[in-house]
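The following blocks contain the structures, represented as structure tokens.
In the two complexes that follow, subunit A is the common piece, with subunit B as its partner first and subunit C second.
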Partner chain A sequence: MTREAAEVSLTGISKSFGGRVVLDRLDLTLDGGELLALLGPSGCGKTTILRVLAGLESPDAGTVRIAGRDVTHTSVRNRGIGIVFQAYSLFPHMTALENVAYGLRIRGTSAGKRTARATELLETVGLGEHRDKYPSQLSGGQQQRVALSRALAIEPRVLLLDEPLSALDAQVRVHLRDEIRRIQTQAGTTTLLVTHDQEEALTVADRVGVMLNGRIEQLGTPEDVYQRPRTAFISEFVGAVNRIPADRFGAQVLVLGRRMAISNAAPEALPATELEALVRPEDLELKGAGDGPGVIRSLVLRGAVTSANVSLGGSMLRVDLPSHEAANFTIAQRVDVSPRHNTALVDGVRNGAEAKEEVAA
Partner chain B sequence: MTLQAERATGAAGAAPSGHERPTATRRRFGRVAGWLGAMPYLLFLAVFLIAPIATNVWTSFQVDGSFSLASMARLFEPQYRDAFMQTIRLSLLTAGAGGVLGLILAWALATSERPKWLRNLVLSFSAVASQLGGVALAFAFVAAIGVQGLVTRMILSLTGWSLSDSIQLASFWGIALVYLYFQVPLMAILMLPAFGALKKQWSEAAYSLGASRFRYLRDIAFPIMWPPIIGALLLLFANSFSAYATAYALAGGRVNLVPILIGFFISGNVMTDDSFAAALVTGMIVIVVAAMGLRTLLERRSNKWLR
Partner chain C sequence: MAALDTPAGAKPLSGRRRPRVTGAAQATIFAVALILFFTPLVASAAFGFTLPGKGFTLDSLDVAVQNTSFLPQLSSTLQLAALSTLASLLLLVPTLLFLHLRAPRMLPLTEWLSVVPYVVPAIALVSGANLFFRNMAPGFLVSTYSLVPFYMVLTLPLVYRTLDAGIRALDIRTLFAASASLGATPLQTLARIILPNLRASMLGASLLSCALVLGEYALASLLLHSTFPVFMVQVGMNQPRAAAALSFLSIVVTWLLLAALSGASAKRTRKSGPARSTRQTSKDLPTQESTPAEQSSATKGISR
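Right, the complex of A and B next:
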């Protein structure tokens, strides 16, 4: 399964559909063997990048290189690419085994060899017993496993995953997510994952690229993107965030009575007032205080973590704390809220109704 | 309450049969209710399938009020055997040619998006044309490319060549041509949903696995489309096999076709023979049933995945 991991590079890719610019001179490089996730809302152009890389869409401008070779004008079938689609991509008239073996059949591999190889792959994804079933007899999760095996059977230089888990239910999704990561690491295939699910991107990827309007807003490790978002959009898209009114003093802001350094690229360019600091729920601290300014309105158990919704100075804040600590608090209790860290991303004030909706969600 | 009643029966002791009766009744009631639910379905089968076939078969074995094999035996006389052969040939020809052309039309309708108005126009026209058989259609063809037809005369005056010498409407080939007028759009209408069911991911997955366009069509598209194609061809065959008005209006008795013969024996001005007309219908039923059986057999063999 291991083959020299191919580096992939897209340079200056532009693409428009019917006058609408979807990609605008985009550059992206995948190191050999890495799993890069493109994360973004629908319509941001992430799927178009995948399709351009696959050769299913040809770019208006720019170059696509796989392992140093210019493949911009090479057809899909000669690019050495494996694709897993969102759903329903298995050939319905072929068994799981025949589906997986199809790529090898086209390459003229002997029947015995391709059966052995396909069986081995199906066993890797735990479907050895189901090899003779038709897609309609398999569950959604099983179908995606077969699709993954089929894509890997041809030992592709690049694996493309187009929202492969979004049609599955939550439990299967988490399980299969881990499995995709395991198999990808094992195979060492350079992989591009396109998703709108931030948790999926953060948990499986080596690097995450957050996209908006045809551009990559930030590209970095999952920690980078989550802990040090470069823009307000990224901060809000990757995880939950509170917008807390703040005032600026030089390169610092005053948030909930605490001075925090501004992490924006150009803090001096920001206005002095009408600002909001973006702080993640788990980066806020809750202290019981009889005369505290905040009041706990609700406590929502999310498993290991509990979210306390606190009304404070006319706005609602979400504070996440370990559930065992949350047991010390009650609804209607007065509390003190303070930031845990001393840096924050700052953004201009947004319309109030919208902000409230955000916290509720 | 149920519990008490059961205990009471139990206390009565020697009444095992009394204990069983309620459940048996309930089971019987359940079975009756199940059949009741299927009533509309059964009624449909009885009225539309079983009754007509039964009365028809019965009539074909009755001559002058008593049982006889005479009518059925006459089916094998050369004249009538020829009628069956001609009708089957006509049906195979128009189903085959109409099937191929209709498939291409459906493919064009399914894949070309622009201009949308043209697509919609062709689509609704096909729906109408597929049902436009009969005398009106026959007349339209006669008026266009008949001996005195508009197109015939125009071509004659322009080139001196007579179209009606090459294509005689009142012949086997003329009838075949006119049948194509409804067979092609019928095939297109029947196949359109099947084309819609071909998912884009299948072709893209196949290409990514290294398939050429030809291999995709051969390995993926065609095997998936095969059952609906066979089903549609069978319908085209039956459609042509039983068409009467169009053929009669075009050729009268000049072409030896089974539906026209049946017409003669039911309401002919020379002779009427209900029993023999029924025998001819029985012959037709046998052929259509055989075609349906063949289709089922083909599908069974090639489509385990559909079950």
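Right, the complex of A and C next:
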């Protein structure tokens, strides 16, 4: 497993299917050994990027390089990649062990060597005692672990994970994503993870790229993407967010009686009124106040945090606070709500729910 | 796999009566079906293997087998069945794989086309073929083997459907992609992954195709070829007992053949199991805290 981690670069990739542009001159670079997650709603082109990198789709324009070598026109089997698919990719007529050893068998590795290697890999993912079972005898989570071992068996230069957890139960998903991270770190393989689950991307990846309509809207560390989203779409896609009516004064915005710096790229271009500030529930603070403008309508225990739904000036706000603090509040109590931070992303007032694609500049 | 559904040792306490009622109904229906099914068979066997005043006898068979072309007919029919089946598989397996991989939009059309042989009666097929071949290639229809293409057309709906179902049960695109990413060429994937997994449906298709060809009478007799079914009809004209005995035997033999084929495919299926019957059970994993993923998706609504 001590193969030099390969750098991957995609430059100017365009791809359209039947006249519909799926990828539009897209650039993406993966550093050697990093795990990059592409996050986006379905149809945003993230899977197409993975398939272009894998060689399962050929781009209309652009170059794919793995470890400096142009592989744009290289077939899938010569790219040195391992792929874990969403589901049903194991060979049904082979045992777990045979599945993992398949890649080595194709390469002509001797039977003894490939069995030893496959057994070792299955033990790494905790399936040592299931090596002689057929895929149909394994649970979904176990099947995906076999698929991961199988992809790693050929010591790929790049590992591609195509929504590997989306067909699994929530519990198995959490467990397996940590395991994927552990094994990926151990193997040091450059990895691209495609997912529509923002939590999966944030917890596992070194860097997250949020995609919309064939473009990467923002590429950065999970903290960057979550704390400093560049657009309203990203802010809403990677987590829960409150839209609070606000007015602009120069490069600042007045939110709940507090002045906050606008984090948008061009704050001066925004209109002065009809704005909404996007504030995460945990970035709001509650204070009990007999004459406060807000009223707590409900308290929802979510485990470590509790969400208070507060009606304020005709809108509902969600405020997340540690559950032990939430014990100090009661339903129907009057409260004061204020932001914790000094910057906010601002978006135009949204008319109706259908305007989801609309993104502030 | 059924063991997973009800944990071992956990006997269903309620619902004890219902299975008994449906069980009785099942048994009744099964028995009636068996009687209806076997009565003609047993009757023809009784007719064929007895002579008045003599009881059980194989005389009628002797008459049919001796001094006739029994064996050549049988072997040519078996050859026809094997050849038609083989040719159908050779034609349809690659075609269907190609359609599923490269032209899935054509599938509804080809599926519709595959039923055309049901719509066109044998007599129409034969008179059309007669007109065409007698003018264009008079030599073609002379050989008994010229029946093979006709039988392929005749069995097309069954073979097509069986193979199509088998291919649909596999996610062949993903299997091809997975195999390619592991370094296999398309031919290696075909030989090592796709065909072994299509074995059961290929056996099923062979079974249906063989059964159809072994009993086909109309086409062969209209094209003036002598196959086993044609032979039996001829025998039946002057030796009804022999024909009854022979048809009973041929049904038994066909059954044994089909049972052997389906036995082979069942053994295979039992070994590898149904391809995608598993539902996720998480009992092998430690319990995790409740997932924040649910939380955030549940609260997305407040953002608008």
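Just so we're on the same page, the second predicted complex is superposed on the first by the 351 of 361 C-alpha atoms of A that agree within 3 Å, B and C clash if a C-alpha of one lies under 4 Å from a C-alpha of the other, contacts with A are read in each partner's own complex, and residues count from 1 in each chain.
As a convention for this text, a contact is a pair of C-beta atoms (placed from the backbone, for glycine too) under 8 Å apart; a residue touches a chain by one contact, two chains touch by 3 or more.
Because the structure is a prediction, the values reported are computed rather than measured.
Partners subunit B and subunit C, brought together by superposition on subunit A, clash. Within the superposed three-chain model, A:134 lies in touch with subunit B and with subunit C [touch as defined at top]. Shared-chain residue A:233: touches no atom of subunit B or subunit C. Ranking subunit B and subunit C by residues of subunit A touched puts C first.
Using the contact criterion defined above for the overlaid structures, shared-chain residue A:171 touches subunit C, although it does not reach subunit B. Counting contacts as defined above, subunit A residues 54, 56, 75-77, 79, 81-83, 85, 88-93, 102-103, 106-107, 134-136, 147, 150-151, 154 meet subunit B in one complex and subunit C in the other.
On subunit A, the positions that touch subunit C within their shared complex are 54, 56, 75-77, 79, 81-83, 85, 88-93, 102-103, 106-107, 134-143, 147, 150-151, 153-154, 167-175, 197-200, 236, 239-243, 278, 281, 302-303, 307, 309, 316-318, 350, 353, 356.
Contact residues on subunit B toward subunit A in their complex (touch as defined above): 199, 201-202, 204-212, 215, 219-220, 223-224, 303-305. Here subunit C touches subunit A in the complex through residues 1, 170-171, 174-175, 177-185, 188, 192-193, 196-197, 271-282, 284-296, 299-300, 302-304, going by the rule given at the top.
Taken together, the subunit A residues at the contact with subunit B in this complex read 54, 56, 75-79, 81-83, 85, 88-95, 102-103, 106-107, 134-136, 147, 150-151, 154.
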